[in-house]
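Each structure below appears as structure tokens.
Shared between the two complexes below is subunit A, which pairs with subunit B and subunit C, respectively.
Right, the complex of A and B next:
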């Protein structure tokens, strides 16, 4: 007996940000918090959290932060991993190698990478369900703003250093440009460094997956 | 009115502790409850909360510190998870025996093994017979509200007992939820200052926890028994007052969800109740007569309320999120206690146990779906094949 259809939530969008443990935890968390809080301003139902099992106190191990955004109250709120992301973002480029970043992505998903490289160059390294991607986006978010390294805000506590003051701002800006998941104006109301977030939005390079030879 | 924020269960509890204006806090780190203490440490450091923040050298020390602090008349707070909860086991009974109404937050974590820091109620349930009050919250909002409510109940002169305010680790403690943080003036109205009537004071020496003769044991235990039993009335009153002041109301003991005309129901405590509700709602859309009953207070166990709530169903599936190896019925403590509550009804309500979510796994929508399917079968046939099922291996 299966119930998979019964529990579908059609209006639900999932965003997963991959990062390197400890050094980039905060930036990954800030991307999902900034985007979901911006969506909340737009009247959406939202949820943001960090993967509890990824051992975030281990330096450089791949860790994930998640967001959910929906037109309806979120019913899968205790499904503790994003199983079918619509948006995947990486806080640094080496995560494209050896990490299943595209695992479970839904058709039409968008990948956003913090890198100096072009979408064309990044797409060469992608493995997995690349045919489900709609676009690959790159932005030199770290070039726009340095990352903030802090343990403040770890383990669900309040981040006293604020949201979106590091490279998460420009990375979130690129996510917004590529997906339209929220408006840039809403994002700018949330992030600490508004100029950096706007620069990320402006400088993001969006490449259609078909043009990269990735689509089906 | 309060402010609305999206915060974790850990931060919600820390806000409750701050609003309760506690005097002494004792910490020792262990996931997942750690976030409560890091938030409180920040509040103290930033001058938001005027409290003594003491870092203990372990959980046994944590409980000893708040034991002393409470005896000195301080409103005291501590907390732990998993093996931290069991490491402090020796100190729980002396605190309730001395009738000191301090509070301990428990964000559940598995014991070792599996020791994977996932949530299981096993840790807190190990402490259930220590003479403390105990209950589970299923959302960050409820975790904040219960922090205030437990102090109010425990410090009532008719009760004077310590309280375990429990929440599921990760699901409640770490996933941000919308919380209305109440106004300090409202909290002042609801929660009067803690008054200890036999304060430990060097000018008036007294002995606490002295060696006693066996003959002094029965009256001492009977008084503690009466205090726990008597808390029922105070729990009801506190919930009514809370609703009046804050405008948020909870059924004090059991929350019923879609139980009208239901033939089968899931009986459960903690975060997974929220998933069970989703499943019940979706099944209702398909015409199934199902509901969910959530237990909010585990000690004192609300025998009458549970009997009343569960007696109207043909079949009840009792979900245990704890490992109780070798227990009567081979399921868990939620099942044995529910069956005791239902015993006088004879065989009217068929009960079956479901052990799920161990190791911190979520109890999935599909698992609740399978549980409801089993309950439907039991309600139809009027008999159970076995006492309990361990998910996902046996159902």
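Right, the complex of A and C next:
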């Protein structure tokens, strides 16, 4: 059985968050931790971790954080990378350029971007399996709440700064609005800044991939 | 493959102008843009660029965007304020 076959587990959802190395590590990690912890509250089986292969200690280098959510025990829990994400979130808009953010996405995947720009503007830069996208979502998460830059919680250490205190809250709010992967109430129980997460949920602009001319 | 064939991390055979294994252009969130009227050709930016990706040409300085990682050091050190950091998505290419 190849590792990609493992992801045929029914009910497994994979969320991949791309970020810029060092200064957005924490925010990326917080998005996957907040969403998976919220799913755990709803009785789901979950996992969240960061990809160490991505050279996380280089400023600006594209890095990934992953989450898995399933209503069944996760059989592929030792597969290190999300090979077929259902949800892709970007902590920063320029990751759409020159970074294979849509690599391996499953049909019906949703892209959520932290940007002031519209889904129309962002979709112009997308390359790869754009026809598999269901929706492109943008939210000015950094405008709602500034990012937290800290090494607290890095590499599995205890995170003293709390989950979802920076722009990860509103970004996770936008993910929840676009995908319904968990309820907003569950997310708000986890994140530190609940008002910011709610604002992200409210302000997220969800554009259907067909209306953007992406769906094949 | 024997261990002798494994490349030693982070090394580039010298002399070499470019390394395909170290393309850092997609690290960039802001793009340096030169105002040629303000530039005095002092080359402080050229010598300060950590990626050595500022090329000198007959028409003036040019940024090699395949490698420029947008660190902003060139704009910071320029005594004439000839370099501006512009959001990368303002450019289609």
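A few points about this structure:
Note that the second predicted complex is superposed on the first by the 209 of 216 C-alpha atoms of A that agree within 3 Å, B and C clash if a C-alpha of one lies under 4 Å from a C-alpha of the other, contacts with A are read in each partner's own complex, and residues count from 1 in each chain.
Everything that follows uses one rule, which is that contacts are C-beta pairs under 8 Å (C-beta built on N, C-alpha and C of every residue); 3 or more make two chains touch, one makes a residue touch a chain.
Keep in mind it's a predicted model, so treat the numbers as computed, not measured.
In the superposition on chain A, A:41 makes contact with neither subunit B nor subunit C.
Contacts of A:206 after superposition: neither subunit B nor subunit C is touched. Put simply, more of the residues of subunit A are touched by B, taking subunit B and subunit C as the two choices. Legend: residue contacts after superposition of the two complexes on their common chain; A:78 is shown touching subunit B, with no touch to subunit C. By the touch criterion stated above, A:20 is placed in contact with subunit C alone, subunit B being left untouched. Contacts of A:99 after superposition: subunit C is touched, whereas subunit B is not reached. After overlaying the two complexes on the shared chain, residue contacts for A:156 are found with subunit B alone; subunit C is out of touch. In the superposition on chain A, contact of A:49 is made with subunit B only, not with subunit C.
For subunit C in complex with subunit A, the touching residues are 24-29, 69-71, 87-89, 92. Those residues of subunit B that touch subunit A in the complex are listed here as 6-11, 14, 31-32, 34-35, 38-39, 42, 46, 116-118, 170-171, 173-177, 271-272, 274-275, 278-279, 282-283, 286, 360, 362, 364-366, 369-370, 373.
The touching residues of subunit A, counted against subunit B in their complex, run 1-4, 6-7, 36-37, 40, 46-50, 52-53, 75-80, 152, 154-158, 160.
Interface residues of subunit A facing subunit C in the complex, by the touch rule stated above, are 20-21, 58-62, 92-94, 96-99, 115, 117, 121, 124-125.
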